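In what comes next, subunit A is part of two complexes: it sits with subunit B in the first one and with subunit C in the second one.
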Partner chain A sequence: MKKLSRVYLVLVFIVLYLPILYLIAYSFSQGTTMTNYHGFTWQHYRDLFADPRMLAIVADTLLVALLSSLIATLIGTLGALSIHRTSKRVTRDVLLSLNNILMVSPDVIIGASFLIFFTTLKVPLGFTSVLLSHIAFEIPIVVLMILPRLREMSPSLLCAAADLGATTRQQLNKIIIPFITPGIMAGFFMALTYSLDDFAVTFFVTGNGFSTLSVEIYSRARQGINLEINALSGVMFIFSLLLVGGYYLLQQGNAKRRQRSQEAAQ
Partner chain B sequence: MTQPMIELRHVTQRYGTHTILKDVSLALESGKFYTLLGPSGCGKTTILRAIGGFDQVTAGDIFFDGKRVNDLPANRRNVNTVFQDYALFPNMTVAQNVAFGLTIKKMPADKRDDEVAKALKLVRLSDYGNRAISALSGGQQQRVAIARAIVMQPRVLLLDEPLSALDAKLRRAMQYELRDLQQRLGITFLFVTHDQEEALAMSDDIFVMNAGEILQSGSPVAIYNEPVNHFVADFIGESNILPGHMVADYQVSFDNRTFECVDAGIPSNEPIEIVIRPEDLTLTDLDHAKLKVTIDNQLFRGDYYEIGATDDQGHSWLIHSVRATVEGQQVGLTFQPDDLHVMRLHEREADFEARLETYEEVEGTAHDEA
Partner chain C sequence: MTKRKTCGYFIPYGLWLGLFVIAPVALIVYQSFFSLDHHVTLANYATYFQSGVYLKMTLNSVWYAFLITLFTGLISYPTAYVLRQLKHRQFWLLLVILPTWINILLKAYAFIGIFSQDGVANSFLRFIGIGPQQLLFTNASFIFVATYIQIPFMILPIYNSLADLNPAYINASLDLGATRWQTFYRVIFPLTLPGVKAGVQAVFIPSLSLFMLTRLIGGNKVITLGTAIEEHFLTTMNWGMGSTIGVVLIVAMIIVMQLTNDHSGRSSQ
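Let's turn to the complex of A and B:
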C-alpha cells in the first residue's frame, strides 16, 4: 500500500513537471524547432539577452507586478480591516460576497469589462490601464489572505491595548499590523504571482506598444514557436525555484527561532 | 461615610432586546478585594467591561472618585484589566508586553525598564523578560498578564476569571498569590469568578449575581451563613433547603415538627424555606435525634464522608460527617438552633437586613435588661 502511494506520487510529479522540463531541455538544443534534439548550445540564451524588446517586456512585466501588488496590498489591507470592523452582519456579508464574486468571475469577463470601461472613460490603453486592472483583480486576493488572520486575533487583544492606554491608531500600529503581517506578506506574494502570469485580463487592456510576458509569449507562439521562448521559460523557472527556496529558508529560520525559545522555557 | 472609589448607580445594559444588567448599583472602596460571583451569563463580566470602559452602558452612571466617567474611553481610565484569555501580545516578548503601557505613556526608557523589572519580580518571573509569550506555560502567562496590569499602578485591578484556565493545583496556589499580591500592593481588586470556593477563599466582600442582578453582597462568612434566598443558598456551598412555615418568633416548623431557631420578625404561618449546611448536621443515636433519617449512600471524600439520607417525609438530606455510617441504617440527626437559617420567599437583600436590625435590637435590649 505504501509502495503504491509512493509510485502514484512520483507519477503525479512526472505529469506535472515533464512538460516544463521538456520545454527547458529544448532551450539548449541547436536548431530552431522542437521536433528533434540537435545537440547542446547556449545560443538561445545569448539571443534572449541580446533581444532588447524582450528584455524591456520582462522589465515592464516585473514593474507592473511589483507596483500593482504593492498598491493592491495597501488597499486590500485597509479593505480587510474595514470588513472585519463592520459589526452589522448583513453589511459584512454583502461586502465579502462582492469581494468573492470578483475572485470567481472568469478573467475574460473581467478583461472585456475593463476594456469597455477604459475606452468609455478614454483612458489610453497601455501601462496605466494594465496597472489599474491588475490592482483591481489583486485586491480581492489580498483581502482573502488577510481576513482569516484578523479573525484569528482575539478581540481582547485590542481591549488590552486600550486598557493600557493605547489610542485606536496605536492599537493599529502596534498590535493589529504586526499580528496580520504574515497575512499581508502572503497576500502580497499571491498578488505578485497573479500579476506575473495573468494573460486574459492583460490581453484585453494592453493596446499597442505595451506588452507583458504572457501576452508576448502568446503572440509569438501564434507565429510558430521560437526556442528563445524556451530559454525564457528556463530562466523564469529557475527564478521561481529561487523564490520558493528563499521563502522556505525564511520559514525554517522562523520555526527554528521559535523552537529555540520554547526549549529555553523548559 | 467616605466616598467610594468606584460606584455604579442604576446601571442597565441591553443588547437589542436582551437585558444583561438590570438596574445594578454597587460601590467599591479603596484597598479591598471584591468578587463578583455568579453562574456564567449572569452579567458579571459585563459589569467589569462597563468599569473598564470597553462597553457603553445603556442606562445608569459610573463614577470614579465621584466623577462620572461614562463617556471616558478605556484608554483614559485609571483601571487595568487582566483578561480571561490573558490577551498577551504574541508579537512581543514578556518584557515588551509588560512595558507596553509605559511605552505608550512615553516613560523614559531607563525608568521604564526599572518598573518592568520590579513588576516581573513581583510576579516571580524576573528571568523571563526575553522569552516569547508562546514559550510560557499557562500559569506564567497569567502572571505576565498581572505584571502588565500592575506596572501601570492602577488604583483598581479588574480580573476577569483569570484562574479558570489553570489546573486545580495551580489555581489554588494562584489564589494565595493573588490575595497576597493585593495586600502587598494595597490596591482594590475586582475579581470575577463562577467558582464559589475561590470567591469565599479570597474576598473581603462578595457580590452574588444571577440573571443580571446583584442578589446579595457581604463578607464571605455572612453570605455563607445567611444566604438571602434559595439561589444564593444553593450556589454558595452545599446545603439542605426545605420548605416549612413560621410558627412564632424563634420557632419554625418543617418536616411536620417544630424546631427552635434564631430568626424572628416574620408573621406566623408564613411559608418559608430553611437552610441547613451539611457540615452542621451531626449523626447521633435515635434517642437524641431531632430528625430520623435512613442512610441511602455514602462517599468517602478524604477528610469527610458525604452521606445521602432520606427522612420519613421523603425529603432527602446531605450530611458531611467525619464518622462513617452504614448504608440502609436508620440514624438520628441533630443540630443547634443557630444552624437553622430561615429564608422568606422573595425577600430581597435590603428587606432582609432591615428585618435583621429590628429583632437584633430587641434582642440586644432584652440582654441588657437581663
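Let's turn to the complex of A and C:
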C-alpha cells in the first residue's frame, strides 16, 4: 500500500514537471522543432538576448509588474486597514464580498468588462490601460494577505500606545505598519506573480502596439514552434525559482519570528 | 484614534471598489442590452435562448468544465492524501506550487511540442505499439492540458483540509472496527469535503473560460464560454452579444459559488 502510494506520487510529479523540463531541454537543441533532440547549443539563448523586440517586451512586462504591484500594495494596505477598522459586521462582510469579486471572476469577464470600461472613459488602450487593470486585479489579493496579520494584532497594543500618548499617525507608523509588514511583503509578492502570470486580462485591454510577455508568447505560439520561446521559458523558469525561493525564505523567516516571539512570551 | 482622521485611508480603496469592481460589472450587464448598431434591445438574449447554437455551446462548455474538474479531483485527492503522510511536507507542497508560477502559456506551448506528430507523446504511443495518432487539436488533448494546468489548484485546498483533520477521528474510527475503506468514506472524505468544494470552485469557473487553450491546443474545435466572449469582443466586435454571454458566465459563476459555498461553516464559528 505504502509503496503503491509512493509510486503514484512520483507519477504525479513526473506529469507535473515533464512538460516544463521538456520545454527547457529543447531550448538547448539545435534545429527548429521540439522533436528529435539535435545536439546542444546556446544559439536560441543568443537569439533571445539579441532580439530587441523581445527585450523591450521583457522590460515593459517587468515595469508593469513592479509599478502595478507597488501601487496595488499601497492601495491594498489602506484598504485592509479600513476594512479592519469598520466596526459594523455587515459593512465589513459587504466590503469583503466586493473585495473578492475580482478574485473569483473568470479572466475573460474581467478583461471584457475592463475593455468596455476603458472604451467608455476613452482611456487609450496600451500601457495605461494594462497598468490600471493590473493594479485593479492585484488589490484584492494584497488585502487578503494583510487582513490576517491585522486580525492577529492584539488591540491592547494600540490601547497601550494611545495611553502613552501616541498620536494616530504614530500608532500607524510605529505599531501597525511594522506589525503587518510581513503581510504587506507577501501581498507584494503575490501581486507581482499575478501580474507576471496574467494573460487573458492583458490580452483584452492591450490594444495595438503594447505587449507583455504572455501576449507575445501567445501570438508566437499561434504561429507554431519557435525555440526562442523555449529559451525564454528557461530564463523565466530560473526567475520563478528565484521568486519562489525568495517567497519561501520570507515565510520561513516569518514563521521563525513568530515562534521566537511565542517562546519569549512563555 | 478618531474615526474622522482614518476615513481618509478608505478613499483610494473605495475609488477602486467603485471604478474597477462595481462599474465594470454594471457596464457588462448594461452593454448586453445593446445591439450591433447601438440600439437598446433584448435581441441578444433572444438570440442566445432561441438559437440552439449558443445553448449547445454553453452546455458543451459546462460539460467540458465538469470533465476537467472531475479528472482534476480524481488525480488531486489521492495526491493530497499521500502528500499529507510525507516527512518533508512543506518541501513537497512547494514542488506542487512551483508549476503554478510558470506562465500558463508556456505550459500550453510545451504541449504543442509534446502532442505534435513526432512529439514525445507519439513516440511513446509508437513504443507501446499503438502507433502515432493525431493528438494536437483534439478534444481529449484540450481536457488533458486543462486538467494538467488545474491540478495544483485542486491539490492545495484538499491538502489544507486534510491537514486540518484531527487524526484522533481516524484512530477512533479504526479502533471502533471500521475498515480502512469505511474510515475513508465515512470519516475522512466527509470531513475534507470543504476542501474539495473549494477546489471545485477554483477549477470549475476558470475552466469555463480557458479561451487560450481552446485556441492553442483545442484547435478551435472546442468552444467554451470564454472562447465565445473573446471572439465577440476582439474578432467580430459584437460587444452586445459578447456581454450577453458574459452575463451568462457570471450567472454560472454565482450558481457554482452557491453550490460550493460551505453553509455548514457557520455552525463551527
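Here is the rule we go by: the second predicted complex is superposed on the first by the 236 of 266 C-alpha atoms of A that agree within 3 Å, B and C clash if a C-alpha of one lies under 4 Å from a C-alpha of the other, contacts with A are read in each partner's own complex, and residues count from 1 in each chain.
Going forward, contacts are C-beta pairs under 8 Å (C-beta built on N, C-alpha and C of every residue); 3 or more make two chains touch, one makes a residue touch a chain.
The shown structure was predicted, so the numbers you read here are calculated from the model rather than taken from an experiment.
In the superposed model, A:Gln170 lies in contact with subunit B only, and not with subunit C. Of the two partner chains placed by the overlay, only subunit C lies in contact with A:Leu243; subunit B stays clear of it. In the superposed model, A:Phe179 lies in contact with subunit B only, and not with subunit C. Counted by residues of subunit A touched, the larger count belongs to C, out of subunit B and subunit C. Residue contacts after overlaying the shared chain place A:Ala136 against subunit C, while subunit B stays out of touching range. Judged by the touch definition given at the top, the superposed model places A:Ala160 against subunit B, while subunit C stays out of reach. Once the two complexes are overlaid on the shared chain, A:Leu9 sits against subunit C while remaining clear of subunit B. After overlaying the two complexes on the shared chain, residue contacts for A:Phe114 are found with subunit C alone; subunit B is out of touch.
In the superposition on the C-alpha atoms of chain A, the part of subunit A touched by subunit B in one complex and by subunit C in the other spans residues 162.
Of all residues in subunit A, those touching subunit C in their complex are 5-6, 8-9, 12-13, 15-17, 19-20, 22-23, 26, 33-36, 74-76, 78-79, 81-82, 85, 95, 98-99, 101-102, 104-117, 120, 132, 135-136, 139, 143, 158, 162, 168, 171, 193, 196-197, 199-200, 203-204, 213-214, 217-218, 221-222, 224-225, 229, 232-233, 236-237, 240-241, 243-244, 248.
For subunit A in complex with subunit B, the touching residues are 154, 156-157, 159-167, 170, 174-175, 178-179, 258, 261-262, 264-265. On the side of subunit B, the complex with subunit A involves touching residues 52-54, 73-76, 79-81, 83-85, 87-91, 100-101, 104-105, 131-132, 134-137, 148-149, 152. Interface of subunit C with subunit A (complex): residues 1-3, 5-7, 9-10, 12-14, 16-17, 19-25, 27-28, 31, 75, 78-79, 81-83, 85-86, 94-99, 101-114, 116-120, 148, 151-152, 201, 205-206, 208-209, 211-212, 215-216, 225-226, 229-230, 233-234, 239, 242-243, 246, 249-250, 253, 257.
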